[in-house]
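Two complexes are shown next, each including chain A; its partner changes from chain B in the first to chain C in the second.
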Partner chain A sequence: MRAYELIRETYFRRSYIWIAHLSWLAVYGVFWWSFVPAKTETMGKFILIGSGLFLALTLSAGILGDDIASGRICVLVTKPFWTGKLYLFRWIGLSLQAAVHLLLTGVLLGVLDLLTPKNSIEGLGVWLLATWLLFNAVAALSTSLSVVLGRAFNSLLLLVVFVAGYLLMNALMVLLRGEAGAGWLTAFVRYAWPPFELLRKFAGGEYGPHALTVGRFSLSHSVACVVHSLVLTCVYGAVGILLLCRRQFSRVRE
Partner chain B sequence: MLVQTEQETACEAGVQPMVVECHGLTKVFRRPFASLDKAVCALRDVSLSVRRGQIVGLIGPNGAGKSTLLNLIAGLILPTQGRVTICGRPARSVAARRYLGFMPEHPVFPGLYTARAVLRYHAALLGLSAQSIARQVDASIQRLHMQEFADRPASDFSQGMKQRLALAIAMMSDPPLLLLDEPSNGLDPIGIVELRDLLQQLRDAGASVVISSHRLGELEKLTSDYIFMHRGRIVQFGDELTASQAGQLRVGVVSDGEAVARAALPSSRVLSVCDTELMIAIGEPDEVPDVVRDLVAAGAKITSVLLRRENIEEVFLRLCDEGDSR
Partner chain C sequence: MQMRKKTNIWIVVTAAAVIVEVWALYVLGASAARWRPAMIVAEEPAARALYEAMIEAAHQARTLSYRSFCSGPGSGPSAYSVQLKKPNLVRVEMTNGMSTKVTTVVGDGDRLRVFWSGDRPFLKVDDFERNESTQSNVYVDMAGSPAGVADEMARLGVAWSDLVWSPSVFFNGADEFEPHIDGIRLRGTNEASGEECDVIEVSYFKAQRTRHYWLSRKDHLPRRVKEIVRLADTNRVIAEEWARVEVNAAISDERFAWSPPEGFRAWEPPELEDFLLKPGSDAPDFELPSISGDAIRLSDLRDEVVWLCLWQVGSPECREQMRYLQSLHGKTKDKGLAILGVNVADDRRIAQTFVRDEAISFPCVLDSSEGAARLFAEGYGMKSSEGPVNFVIGRDGKIVDAWYGQDSNRAPAALQAAGGQDVDR
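And then the complex of A and B:
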């Protein structure tokens, strides 16, 4: 019952959540109808960025920060269960939301493909899987950040940080190409940052030098990409849980 | 498997005498990367215990450390030094939280949830079964008289409704220890009377309650055990506080009040005097017969005798002044 109620509360905490979901579905429908992507890859990338990044940040960025800033968490952490479960079940709620959202996206695009058979949706399932994996990782990272920031509605701040961080990393990699530090930076971006590039290549069918392993078969590369994404999600989540369990919930008195 | 300590077993059985024990609690707040001179010492070497069935009022001026102490007992913050236990368990542990019901000063609820849904949510967080949840929710609604607004969304609630709901959440499953931060905020006079009756029922059932409140007049109606705090320290508590309430004896006489006072009493004890009334400082109620006898012996024709003791608000103000002057 505890898990059910925490997950349910994640679904029904704010009415804007439903607006966000429906809006994105409408955007996908409009994109499909209006721009008529020639290849599934274009639609897939659009969904990967839209749901895997933007929707994930919109829904998760302030989720625990809202509880902390409002003071609601003061009652929750005095209940007789491990505080880490609060983080865990919130994240599971987000992940389930995303799964439902992406299933609906698949159904929507399938229906649109039936109505306008001018595009192929072959391989879209892999893109949806990659999006879900990216969503989970980004949601875990931003939820962990919201424990530190302790502020509600910090989606915009996190989005700016993400985009700025991504651009900065790319700029540094170009500048440092050939230098000793470039290797460390590349490794950090590849293994520690939300695996956007990796999952894009996984869904798009590329398994080149960016793959985690050097196996000969595409299945091993695919499994490695999925495992890498899940491991990163677990690491982000573990950090968030640790921070939440050690956090104190009181304002500084001046 | 959770191994119960003897104290924990005793607490559950209602035998454990001390529900809360604080030893040498000190709390210093310091922002990250801030210098030490900007640190705020909210609590200094506080030690106290609350026994089973006791209702204790925390009183003190703003910044005295009442909420800090409450938050330390609830496990919301960690002490800089010292320790606090609830029924023998460290305050922040999951085991201690089984004995705890906490009501914050400004309760907040998920806006789309009704009161019933909020109660169900918190009952589920306690780990109750589905049948127990339904029973607890109905019992809480009845107990706190929330029938009128049980099915309205929490976003529509007045402050008083929020207080009732927060109190219902804290009291759910009858914890041995209740921590209430400003419980009478927003309650009308009927609500305060109901709160008092409720707390007395809880005390009779063996629960302990620690209340922090600025409203001394209402606190006086809820409890007679106080802990007075000032600048992070406990200044007085329990029987010392109530015993220190000074008394004033108002004696009505037919005439010659001044002459009688001069003849019968040292000038230091006479607070005010006129022809038909004397106001005399009294330390203990036992002194009254002696004072009256001395006045009669001095020739006073007494028409009335009235003993008035400081109320808690007057004690509070006096102790604040004494604390500030130290």
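And then the complex of A and C:
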């Protein structure tokens, strides 16, 4: 019962959550209607960037930090309730929220496709799957940060780190091109950060049989992308659960 | 007991996750950017038949016209309108990105004429001063065959992305890289430009280059071509999409005739060779890693005549030149001529495979860093890395001669002038 309550709470935690969902759906519609993307990939990239990353940051802002800061967490975590479950159910709540959002996105784009047959929605399912996987990874990282950062600073920090980090890493990779450190840097960005690049390639069909990109014609590559994304989500989550379980909470507001 | 059981379950779950992740990282780590011997395609007769049908269809056609949209790495797309007519007529109109300016190339056998709608763009062989003084009301009239129109366009740099499918297939009935095909295999069927196509994958130069052709079942000609060139740090991918393909349609000869409007003057673009270090100038010294990992310093060869040759695996001319240099090395080593190969483009494993297969025994620099590229681009004046680039350096460290490609006359003369060996090609 408590699991259900915790999952449900993520939907109604803050009033702006519904505004965020509706805003994104409106943005998809306006984007589709006005900009007429030339390719599915353009649309997919937009969805991926838009909801996989930013929606996750919006929905997970202060997901645990609010409760810790207000002392409410002591009410939520009472014996025999394992503290880690609080993290787990909150994250599942976020994940389900994203799944519903993406299903609605699929329906919306499907309807728009019927109304304006000027584009193709081929491969949309894969884009939505990739978006959901990215959302899960970012949400897990954000929720873990929320354990140690008060209020909504987890999302804010992640956003700043994501943008600044990506720019910095790319600049360093250009500067270190051909040097020994560049390989490690690339590997770090590619495999330790939320798998933005890998999932974009996966969704864009880069690993598909007739991709117009490098294309390896490999099903195992696509499976590996999904597996890595899931494992990374688990690792982010495990760190968060570990941190949460080790913390002593006070009923006093921080 | 319960606790222990839980611990065991967690250990098993963690171990399984680690194993699965190691597998995923292995698969993802063996990225497309990394060349592997497994990329060399094995020959499939059915795929070879489709490839030969494409060559035959192009060769049998009297005229061929199509529109092609090319997109390459880090650049916008180039759009081409190609018209080819036997025996030797060609017209290619191209635009870059969103630009409405059109570059047109017409050829009638021996000459190619290039002209622009409005001012000409900045080309590979340009500098700001030259571009400014020759920007308006000019055309280029140069020697060149219709079959080589794609090479000439690439040499001038008039398009962002090069044509992958060369018109030489239409005129000569041969793919210029055909002798270097490792194998061809089928890649199923797929739709391209609204037509059902057979997809074949062709690997060249031991998979240094891979092309995928989407061949229409209707006329066996491409509707899409994708080329991957595997370089040191990256893959250069060019995709070419064909539309409005017409075979044997009537094309008037007038389409291939062009005379300059009044007020237009012929502009002769500089040769690439004009930018190379001039004889008498000092050859910039360098210390760069060899293909086997040791350091090679140019100044260590000061008491010998040095033939410095920049090469890359994916150029048939370079491969030929390397074979020639190896035979020369066998005859002249320890006789005052040092041959030094330099490769600043290729993936280490690809270059090593070539050197091993060809039993190249003279030293070769292999360095794809920005520094090495800058050294040869700015220090030695290399504007293009297509084909071999040769520098003969005297014992005093000064350039004796420098040239692009294989020139059977210049090498012996340059070596003799440098006080080196008498060599015959």
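One rule holds in what follows: the second predicted complex is superposed on the first by the 232 of 254 C-alpha atoms of A that agree within 3 Å, B and C clash if a C-alpha of one lies under 4 Å from a C-alpha of the other, contacts with A are read in each partner's own complex, and residues count from 1 in each chain.
Operating definition for what follows: a residue touches a chain if its C-beta (ideal position, glycine included) is under 8 Å from a C-beta of that chain, and two chains touch if they have at least 3 such contacts.
What you see is a predicted model; the values in this text were computed from it and never measured.
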Quick check on the superposed pair: does A:Arg2 touch chain B, chain C, both, or neither? Answer first, second, both or neither. first
For A:Ser15, using the defined touch cut-off, is the partner it touches chain B, chain C, both, or neither? Pick first, second, both or neither. first
Classify the contacts of A:Leu198 with the two partner chains as first (chain B alone), second (chain C alone), both, or neither. second
In the overlay, answer first, second, both or neither for which of chain B and chain C A:Ala224 touches. second
Check whether A:Pro80 is in contact with chain B, with chain C, with both or with neither, and answer first, second, both or neither. first
Contacts of chain A common to chain B and chain C in the A-superposed view none
Chain B - residues contacting chain A, complex: 29-31, 40, 42, 63, 67-68, 71, 74-78, 94-95, 97-98, 100, 102-104, 106-113, 120-122, 124-130, 133, 166, 169
Spell out the residues on chain A that touch chain B in their complex, using ranges where they run on. 1-2, 4-6, 9, 12-15, 70-72, 74-82, 248-250, 252-254
How about chain C: which of its residues touch chain A in the complex? 17, 20-21, 23-25, 27-29, 32-33, 71, 187-188, 190, 199, 201, 212, 214, 224, 226, 228, 232-233, 235, 237, 239, 367-372
Chain C touches which residues of chain A in the complex? 177-179, 187, 190-191, 198, 209-210, 212-218, 220-221, 223-225, 227-228, 231, 234
